[in-house]
Every structure is written in structure tokens, then in C-alpha cells.
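Shared between the two complexes below is chain A, which has chain B as its partner in the first and chain C in the second.
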Partner chain A sequence: MDDYAIGVLTNVGLVSFVALSAYLLLLAGEMSFGQQAFFGVGAYAGGMLTAMAGLPLPLAALGAMALGAAAALLVALPTLRLKGLYFAMATLAAAEMMRILFELLHLQREIDGEPVGPDGTQGFRGIRWVLEHGIEPEGYLILVWGVLLAVLVIVLFLENSKLGATLRAVGADPELAASLGVSVERFKLGVAAAAGALAALGGVLYAHHNTYIEPRNFDIMLGVHSLAYALIGGLGTALGPLAGAALDVGLLEGTRLFGGARMIVFGGLVALLLVFRPRGLLDEKVVHWLRARFS
Partner chain B sequence: MLLDLAQNTLDGLGAGASYALLALGFTLIFGVLRRMNLSFGPAIMLGCYAATWVNLNFQANLLLLAVVALAATTLAGVYVERLCFAPHRRGSAIAAMVASFALWMQLEELATAFLPRHLYAFPPLYAGGPLELAGLSLRVEAIVMTVAAAGACALLYAILYRSRFGLAVRAVIDSSTAAELSGINVPRVFAAVFALASAIGALAGILIASAHEQVTPMLGMWSTLKGLAAMMLGGLGSLPGAVAGGLALGLLESHSQWYLGPQFRDLTIYLVLFALLALNPRWMTTRSAS
Partner chain C sequence: MAKGTLLLTLLLLSFPALAQRVKAELACAFTGTDFVYDCAINLKRGANPLSGAQITLSADMPSMPMMHNVAPVKAKPGRNPGEYEARLDLEMTGEWAVKLRLAGPVRDVLVLNYVFDESGTRPVLRRSRTAPRK
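Coming up: the complex of A and B.
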């Protein structure tokens, strides 16, 4: 594989984490415009833990995920009872606050005669754990996709369990779910925390792939894109968000099929697709059909 | 001290008038369709880019540019309605919103395909300096914007409350099913509302572009975010609320910028918005559209 293909595939994997994060909340009936914030929390926390505190990457990832979950809970606690657009706007406001806080964050340390750490709008340079440990781009690609597949296996397994059924019930009809004895609010908080941790995990991997991050990497564009990936790919299975990310980042951006007109073509296609498939390519019907066919 | 306070208030109201226009357009669409149109700002951007293109090639005057922007924005608005909102009229709100985001990307790339530079000059609204009044300076642009916002508001009010079309719109806002049963052509009302909202947006866009004397590719996102924030601040779905929300946003921005600096300005806006939503006061959830 050449470097370009490796880069594209790595990016598809990285953005899939945020798309999956948005997908989980969509299943629970909530549309979040703010998952990019937890991706950012993961990126900053993970980068600081390896580059400044000298922790190994796996430990840093765990710490960042815990922080991502905590931040997601902090946002979800006062907002989860909001509906629809109100929740979307509240999460957008929270995410933009987070991005501005990254802009205000100056916390540098001298390491080997060089300042390392977040420097406001100048970004955060020198997240070099991966380089220092001699991991080649191919190796990192395998790492990203290995982690992603592990996450996918867990999510797919949970989707087919009672937990998954509860999740879809909460999303489809919260009152009915509550009448069946589900503690809807607590359940949604749990989903929000898991989605936050998942986005943060993606963020850690993103920061160590790029070695440089800056606040505007985590602006609203990333959030709306991940929401779109989840919906285009389909709400029937956790493979949907991956399909959405692969379609846009992989196929269209990666192959440079339409050059500068990519979005003119893709934007129109997505809008058309949603007319015919409002719950995405791999929606519940298709997934049921496939499952009946192949099992 | 007091003079600064007065000056900032004046500047805030001027900027707020343009936000009020954006919020009016947003509110009209949201009130009638109960759908969020993320492409609202990008349609305005496309209109302003079309006007800029005409200006670059033909050196037209501002009035003609306004007509071009109006036509292009309205066209884009109706296109968005046909592709993103008409098919999802009874269906998924999320699908409609994501579709409108997809067209956001499309409109933005279309505009930058014609004018790829990062910044283009736009003819000024008024070539002279600000007016001086008792130690305060008052930008002519701000006056024009306030008058335009007030005029648009009055016109909108007249359309909604003094015309047959307005009656149909209010009926649809009340209950689109009941309106449909009583013979109102609901899809046509939707399309007409989109055209009306786009025209208001175009007015806002041309005023903003000529007050800033420039257009950039950020105009689309900027308009969507400002309009959304103003609409939310003013209590979703009420027209007087949209104007109040726009003015409140302008005031909040100018004062927090003065006292706290530009980064804290945006932080303040989002903090206030978040707090209002989280506390969820009654006035933010009123759903009457008029």
C-alpha cells in the first residue's frame, strides 16, 4: 500500500469513532451536534498524557476515555431532558464552549529543551509517542482499525442483546419504555457517557496520528459530518456509520473522483438518498432482510 | 465609562438588527415547518457571492446587486425546500436536517468554485464616516440595518395578519393537518414560506456584506450560527421573539467583547445559550409562531 492509501484508510477509521458516537445517541433518540467536543477532549487529554506526563499510549487512552465520559455526563446531565432541536442546540453550545476553552488553554512544559503542550490557538505540537516507539504508518493503521473493530464487535454484540433492544425502545418511544420499567433518564445518561468515551478514544488515536492538533479541528463541521455519516450509512446497524464515513472520506475524498466538485456531487446525492432512504442505506429493514437471508 | 456603555449599546443594537433579520428568516421556516434548515446561511452566502461575481464582472450599483442576491438566495432557498423539506414533510426531522446540511456543502462549494479566493471586496453601503452625536459615533450602516429590520418586521406582520396568504400560513403553523383538511395547499405554503424567508435572509446578507465591505466563504456558517443563536435566545418560533433575540445577541456580543475580549465574547454567548436551554424557562419553549 502507498502512503496516501494508508492515510485515507486511517482517516476513515478515525472519523468512524465520532460517527459511531453520534450513532449511539441517535439510536437513543437524541441528535447531538456536539460529539466533536469529546473527540477533542480525548485528543487533548491523550496528547498531554503521553507527551507531557510520559504515560504509555494505552494508559493515556484509558485516562482520556474516562475524561471524555465525564465531560459527556457533565453536558448530558442538564440537557438530556431537552427534546429535539433544544438538545441539539445545547450540545452545540457546549461543544463550542469546549473549543473556545481549548483556545484559551496554555499549558506548556519544557521537554528536551522544547516547549511541549497546548498553546491556545497555536495548537498542540509534538505528540510523538507513536514516532518515538517506532510504529510505522502501516502499523498505526492496523492499530486504529484493530481498536475500531474491537469496539464494533462489542457494539454489535450489545445491539443484539437485551441492552440493544432497550436502547432502540428508548429511542423509538421513551414513554412506552418507561412504562415497561426502563429508567429512561439514567439509561440515556449511560448512553451519553459511552458515546463520550468512544469519541474520546477516537480523539486519542487522532492526536497520535497527526502529532499536531489545534482547536479548530474540533469545530461544528466535524460534529455535523459525523451525524451525517451515521444517518447516510444507516441506523439499522453499527456498520452504518462506518459505511457513511467510508463513502465520504474513503471513496469520494480519497479517490479524488470528482476533484474540486466533490461536495457539489456528494451533497446532492446525499439529499437525494435521504428522500428514498430517510434512515440511511443500512436501515432496520435492510438489516433484518440481510439477517434473515444469511443466518 | 458611561459613554463606553452607551457606545457599546449602540454598536450592539446595530449588529443586533442584522441578527434579528437572520433570526426572522430562521423563525419563519422553523415556525411553519418545525424543521431546522441548516442551509439557510449558505443560501444567503450563495446570493452574496452571486452579487459579488456580478460586481466583479459588470461593476453594478448596490441596488442591482441586492436584486441579484435576492434572486439567487430565493432560488437556492426554494431548491433546498424541494430537495430537503418537501419530501420529509411528514417524515423524519433528522433526515431533513442532514439533507439540508448536505446541500450546505453543495451550495458553499458551488459559490467558491466561481470565486475561489478567501476574501472579496464588496461595495460599501455608505462611503462616508460615522455620524458624531454627543460624543457617540453612530455608523450609518447600523441605522440602515435597524430601519431594514424594522421594515422587514412590519412587512412580515402585514403579510401574516393582513393577507389571505398570511391566514393560510398561520393556519399551517397552528396545525398543518387541519389546514390541509380545510383545503389549503400546504406544500405550496411551505415553498412560499421558504421563498419569503430566503428573501429576508438575502436582505440581511446584502446589508451585512456591504457593512463589512467584504464576503468570505465563512459567511454561510456565520449566518446559520448567528441566526440560530438569535432564534434560540428569543424563544423559538415567535417573530417578535426573533427580533428581541437578535438584539439581545448583538448587545451581549458588544458588551462582552468590550469588557472581556473577543474569545470570551463567544464563550459568553454560548454559555448564556447553554444556561438558558438547560434551565429551560417557559418563554424559551413557547411554540406560538406569531
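Coming up: the complex of A and C.
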């Protein structure tokens, strides 16, 4: 596999984490424009834990996921009282606040004669754990996709369990779910925390792939794309966000099918899908049809 | 015993050089074809030019991470020591984070932020929101 294919596939894998995170909230009936903030929390926390504290990547990932979940919970506690567009706007505002906090974060220490750590708007360089452990781009691609597939298996298993049915019930009709004894608010808080942890996991992997992160990486553009991937791919299965990311980053970008007009095509595709397939390509109907056909 | 002492002495003597990170500078000229730039890279370790490195260049837009996949290119050695040349085919003008993956005498990854436009490139200068703590 050449360097270009490795790069495209790694990016599809990485962006799928934040798309899956947006997907979980969409299933719970909430549209978040702020999942990039927890991706950023994961990237900064993971980078600091390996580059500054010297922790191994798996431990740093666990720490970053815990922090991502805590940050998501902190945002969800006041904002989940809001509905629809108001919730979407509140998550966007919270994500921008988080990004500005990254811009204010100066916490560096000298390692091998070089300052390492977040340096405000100048970014955070020197996240070298992967390089120092001799992991080549091919190896890192396998790592990213291995973790992503493990996450997908867990989410697909949960989707087919009672928990998944409850999640869809809460998203479809919260009043009805509450009348059946579901604590809707607590359930949504749990989903928000899980989505935050998932985005943070993607962030850790992104930071170690790139070796450099900066506050601008985590602005609205990433939030819009992750939400769009979940919506394009479909809300019928956890494979939907992956399909959305593969369609945009993999097909449109990877093949350079539309050259510089790719973003226009992508925007048009989102608009068309919202009109004709509001729950995406792999929506519940398609998933049921596929299951009936192949099971 | 003597071999061990010699090895330890050599390691200690070479430690400052090992500790010195590689620094890179980039200067690119617009070729006249949309978003294609001819770049000169200068590598230095301490005050000395670093020759013999294998460099793979790729690029990403900081404001749209993971959305643009510029095909990585390998740099060729330039005319002077520590100098390398490569042609970058970007997708648009604006700020790009150019990633240099180094192999050979040194293994490292350097990320350089530059603004690319029709006049060439210039390093990104960002205003800090606060003064860094001393």
C-alpha cells in the first residue's frame, strides 16, 4: 500500500470516531455541533500524558477518554434541558469555549532541550510516542482500524441489546419512553458521556498520528463534518457514520473525483440526502431489509 | 571492562548531539500551475546542516483536519548540504501544516505551518491570547 492510501485510510478511521460520537447523540434524539471539543480534549490530554508525563499510549488513551466523558457530562448537564436547535446551538457555543480554553493553555516542560506541551495558539508539538516506539504509518493504520473495529463491535452489540432499543425509544419519543419507566434525562447524560469518551479516543489517536495539534484543529468545521458523516451514512446502524466518512474522505477526496469542487459536491449531497433520505443512506428501513435478506 | 568504559565515554560525549533536535525551514515558490509549489527544505541539527536524510512531505489544513489528503512526496537532495527539494501539489491556497517525516541518519516528524498563496510561502505568525508563563 502506498503512503497516500495509508494516509487516506488513516484519516477515514480517525474521523469515524468523532462521527460515531455524533451518531450516538443523534440516536438519543439530540443533534450536537460540539463533538469536536471532546475530540480536542482527548487530543490534548492524550498528548500531554504521553509526551509530558511519559505514560504509554494505552494508559493515556484511557485517561483521555475519562476526561472526555467528564467534559461531555459537564456540557450535557446544563444543555440537555434545551431542545432541538437550542441544544445544537448550545453545544456549538460550548465547543467554541473549549477551543478558546485550548488557546489559553500554556503548559510546557523542557524535554531533551526542547519545550514540549501546549503553547496556546502556537499549538502543541512533539507528541512523539508513536515515532519513539518505532510504529510505522502502516502499523498505525492497523492500530487505528483495530481500535475502531473493536469500538464498532461493542456499539453494534449494544444496539442490538435492550440498551439499544431503549436508546432508540428515547430518541424517537422521550415522553413515551419516560412513561415506560425510562429515566430519560439520566439516560441521555450517559449517552453524552459515552459519546464524549468515544470522541476523546479518536482525539488521542489523531494527536499521536499527527505529532502536532493546535486549537484550530477543533473548530466548527470538524463538528459539522462529523455530524454530516453520521447523517449521510445513516442512522440505522453504527456502520452509517463509517460509510459517511468513507464516502466523503475516501471516495470524493481519495479519488479526487470532483477536484476543487469537492466541498460544493459534499454540501449538495448533504442537502439532497436531508430532503430525500433524512435518516441517511443506511437508515432503519434499509438495515431491516438487509437483515431480512441476509439472515 | 575497557570496552564498556569506552562505549560509555563515547555515549556521554555524543549525548549533546543526540539531544539536539533537527530544525527545518521551508521556502516554496508558486509554479504558475494552480496550487503547485516547488519547495526547498533546509535541515539543520544544531548549527550544522543535516545531509543524507530521506524526507517524505505531506500536508494538512489545520482548520480542516483530516479532510484534505495531499499525496505525500519524497524530497530529493538539493545543491547545498542540508538542502532538499520537493514539489507540493496542494488543493487550495491558505494555511497548511506541512509534515516532514525524516528517515536515514535521524528519525523524526516535523510539522511546519506556512501560508501558501500566489506569492509563495510565509511562516504562520499567530497572536497569543495571553503571554506565556515564564
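Some observations on this one:
One rule holds in what follows: the second predicted complex is superposed on the first by the 295 of 295 C-alpha atoms of A that agree within 3 Å, B and C clash if a C-alpha of one lies under 4 Å from a C-alpha of the other, contacts with A are read in each partner's own complex, and residues count from 1 in each chain.
Just so it is clear, a residue touches a chain if its C-beta (ideal position, glycine included) is under 8 Å from a C-beta of that chain, and two chains touch if they have at least 3 such contacts.
A quick note: this is a predicted structure, and the numbers were derived from the prediction, not measured.
After superposition on chain A, the partners chain B and chain C are seen to fit next to each other with no clash. Within the superposed three-chain model, A:261 lies in touch with chain B and out of touch with chain C [touch as defined at top]. Of the two partner chains, chain B is the only one that A:271 touches; chain C does not reach it. After overlaying the two complexes on the shared chain, residue contacts for A:26 are found with chain B alone; chain C is out of touch.
Of the two partner chains, chain B is the only one that A:90 touches; chain C does not reach it. In the superposition on chain A, A:232 makes contact with chain B only, while chain C stays out of contact range. Seen from the C-alpha centre of chain A, the directions to the centres of chain B and chain C diverge by 90°, a value given as a multiple of 10 for the model superposed on chain A. By the document's definition of touching, both partners, chain B and chain C, reach A:103. Once both structures are overlaid on their shared chain A, chain B and chain C have a minimum Cα-Cα separation of 5 Å.
Once the two complexes are overlaid on chain A, the chain A residues touched by chain B in the first and by chain C in the second are 100, 103-104, 221, 260. Residues of chain C touching chain A in their complex: 19-21, 34, 56, 58, 60, 62-69, 71-72, 91-92, 97, 99, 107-109, 111, 113, 126-130, 132-133.
Remark: chain A residues 26, 31, 78-79, 81-82, 84-86, 88-90, 93-94, 96-97, 100-101, 103-104, 220-221, 224, 227-228, 231-232, 260-264, 266-272, 274-275, 278-279 touch chain B in the complex.
Put simply, chain B touches chain A in their complex at residues 30, 36, 38, 83-84, 87-88, 91-110, 113, 221, 225, 228, 232, 236, 263, 266-267, 270-271, 273-274, 277-278, 280, 284-285. The part of chain A that touches chain C in the complex is made up of residues 3-4, 7-8, 11, 14-15, 100, 103-104, 106, 108, 112-114, 119-123, 125, 128, 131, 206, 210-212, 214, 216-217, 219, 221-222, 225, 248-249, 253-254, 260.
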